[in-house]
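Just so it is clear, A, B, C and D label the chains in written order, and each chain counts residues from 1 on its own.
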Amino acid sequence: MRQLTDTEIRTRIAKKVAELLPDGGFVNLGVGIPTQAVNYLSPAKKLYIQTENGMLGVGPAPKTEADIVPNLINASRQPITETPGCCYFDSATSFAMIRSGRMDATVIGAIQVSERGDLANWALPGKGVLGPGGAMDLVVGVKDVIVATQHVANNGKHKLVENCTVPITGLEVVNTLVTEFAVFKFINKEMILVEHSSDVTLDDIKAMTSAKYTVANDVKAWEVD
Amino acid sequence: MRQLTDTEIRTRIAKKVAELLPDGGFVNLGVGIPTQAVNYLSPAKKLYIQTENGMLGVGPAPKTEADIVPNLINASRQPITETPGCCYFDSATSFAMIRSGRMDATVIGAIQVSERGDLANWALPGKGVLGPGGAMDLVVGVKDVIVATQHVANNGKHKLVENCTVPITGLEVVNTLVTEFAVFKFINKEMILVEHSSDVTLDDIKAMTSAKYTVANDVKAWEVD
Amino acid sequence: MAKILSPEEAVKLISSDSSIMIGGFGNIGNPKKMIDLIADTELKNLTIIANDLGTPNVGLGRLVRNRQIKQAIGSYFTYNTEAAELYFEGKLNLKMMPQGTFAESIRAGGCGIGGFYTRVGVGSDVTEGAETKEINGRKYVFVEPLKADFAILRARKADRLGNLVYERTARNFNPIMATAAKFTIVEVDEIVEPGTLSPEEIVTPFIYVDVIVPVGRGE
Amino acid sequence: MAKILSPEEAVKLISSDSSIMIGGFGNIGNPKKMIDLIADTELKNLTIIANDLGTPNVGLGRLVRNRQIKQAIGSYFTYNTEAAELYFEGKLNLKMMPQGTFAESIRAGGCGIGGFYTRVGVGSDVTEGAETKEINGRKYVFVEPLKADFAILRARKADRLGNLVYERTARNFNPIMATAAKFTIVEVDEIVEPGTLSPEEIVTPFIYVDVIVPVGRGE
């Protein structure tokens, strides 16, 4: 099991997330890897992207300065564009949509995920993150909460843990967890390993995961470079 | 004190209500006398009329068949017209406006009004009125709840009573009560006679009112035919 | 993305014993064609969530006449005198709510709110038995969210994705009901291409719309 | 009907110790001119209700730098590192809410709702101390309505009555804040005649608007 570069890790996760996003689905994408996932979508797959600051039908980032549209940003404060059939709404209506149960997937990062699917992703004590933004709403409202995260922190600390030790975003909210080595599903409060990358063994995964999980009978290995 | 015809009663009440409605005010008008009040507005007075089925800026009824506008009715199911600057909204938004505290006045009828300002106007037991419509919302949300009603029922029963004996629309909600003979204000749960028509004495009013009230020091008589 | 179906195909999706929200206020903004088709079926035991029940044997009044309704939840049924008779004979279950509370509970059902407090109706028969709470010295009643298996609505135009715009006071309960049902069917005058409706004027985003039923203007 | 005032006249209406809702999300849809004018005054002890606090010394960040803010209530202040420093030094009171709960509580404040229950934030620090309720076997937290003395907002156009339309994602918190304040001041690009805006596309009805401040597009 060779050491992956930061870019390799991010690309691998983004590709796997792209594969998991449902065709025709309504999705909300967090900052970072989630946004990157869009670049790896199969051309046959169509997503309808919502941004919580008030738009459904988000288009790609403008290619040139001239393509920049006034008063149009996503929740990460990046300029975006329109798609045909897009529409705008106020923030209460936007989160009404997020909590409606109609949104198919949200992809967000994690500081820690517990074995019951608790998520901590908004604050590291003393690190100056002031406020949860829309994350707490998204993890409660959306059907498939897909967490996209590096398996182990850069300092070697486990991120997939028995209990979260940093401030919680939501309890028992994660449905799918994607790392550069593994995909877990949370079903009835149980954490289940459903896929792993071809460059690691089940024992390798066990060694980097403090959370208790079971291995699916039909666990699959996905081919990686 | 001569017997008034039904038309005289309604006209008198409508004129007095028209006088009480505030210039530039946002008002919601119930069926019957309230709608009639608009006909007696001083030309200098401008009202912005809301209808709870989803419009602000209601215009007068269409004058001819040709003036009828598709899909445009008020809450009494009568055809209406648009005014410049009018707008439409859904029912939740309409009642959000009604409960917002921004609406100046609503004018509605009454079966009974109690001396504390309780209003009963939606159901007579066994009479087939099925549901309160928007009345309960209006009496809670709007600044000046103006009740427009005949002083005594046609069968001689008092309508201005100590306690309502028919189903309640709202408790302590009436601000102003207008009959063909009197105007009462409800201030700090106290019922106060502030005006009476010139054809009745204070004793006449007392005789047709079961509710306990006080007479304002500066009570006025208004000239009637 | 919404499916486009004929009214006859769409009505086959509805099942007996289900709860159905129906848009409209006083025969404006009602899905008239779909209501008539339901009246022509054997569907029964329906819970109808609608502001009113039309007039005798017209609109939802047809479902009353046919005795297809187990319970109706709404705000003002007075215009349907037949419904009144059945109610007083104990043959029709009606739940009456203040109109704004009714609208707000549908909105709550559509936006994942667990319930809310309102001062409307405090002390009246229609809030009897409701949990109460004192907030800043005033009494409020608790209202639960309203949801349904189906919403059957009427709009002016849909684009092919399912985005909706309405016309004047025909908007009424339609946009909130679109959000509060598991499955939303919308009768429309007209279907247009995505991008034709201004992104600023779309009232119901297509995420809420499952089936569009074109029926033609005024039908 | 709204009054039309210059920004300089409008800022004189604001008083120290008041609570002010400010529209905008990430420097889009903010009333930039009015914020700058407030920063130029001696106004202090303000409670600012806004999604974020801009960036250091920009937008609401100027009010942070000037120490004009007693408390800020919002959802994501991270972009203002100066606010973070003051907060950790105990010199700035910040109340952080989940963004959807923040938006919904403003809406509740504007529509006479006494509070509502949500599952969002259950078990997290931001709902610590909140009253909880079990609804259908799941835990919810109670959220109070948010109101303010003033709302200072930004819109694309107003008609002379005060009806408003917004532009794209500059809509954000502006329409709900318009409903939740005792007094609403709106900076606009442009003022048009009543009847010019389509009655179907008006987002904020003029009943909510007290003062319009024309400042010109992009200013």
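Criterion: a contact is a pair of C-beta atoms (placed from the backbone, for glycine too) under 8 Å apart; a residue touches a chain by one contact, two chains touch by 3 or more.
Predicted model, so just to flag it, every value in this text is computed and none were measured.
Looking at which of B-C and A-C shares more C-beta pairs in contact, the answer is the pair B-C. With centres taken as mean Cα positions, chain D sits 29 Å from chain A. Measuring from the averaged C-alpha position of chain B to that of chain D gives a distance of 36 Å. Multi-chain contact residues of chain A (touching two or more other chains): 88-89, 95-96, 99, 140-141. Residue positions of chain D touching 2 or more other chains, listed in rising order: 104, 107, 111-113, 118-119, 166-168, 199-200, 203. Arrangement of the chains shown, judged by which pairs touch: an irregular graph that fits none of the line, ring, star or complete shapes. Contact between chains, per the stated criterion, is found for A-C, A-D, B-C, B-D, C-D. By the touch criterion given at the top, residues 24, 26, 48, 50, 56-57, 82, 84-89, 95-97, 99-103, 140-141 of chain A touch chain C in their complex. Residues of chain C touching chain B in their complex: 25-29, 51-52, 74-81, 83-84, 87-88, 94, 96-101, 103-104, 106-107, 118-126, 156, 166-176, 203, 218.
The part of chain D that touches chain B in the complex is made up of residues 1, 107, 110-113, 159-161, 163, 179, 193-195, 197, 199-200, 202, 205-208.
In the complex of the two chains, the chain A residues touching chain D come out as 51-55, 69-75, 77, 88-92, 94-96, 98-99, 118, 123, 126, 128-137, 140-141, 167-171. Chain D meets chain C in the complex at residues 104, 108, 111-119, 133, 135, 138, 140, 165-168, 198-201, 203.
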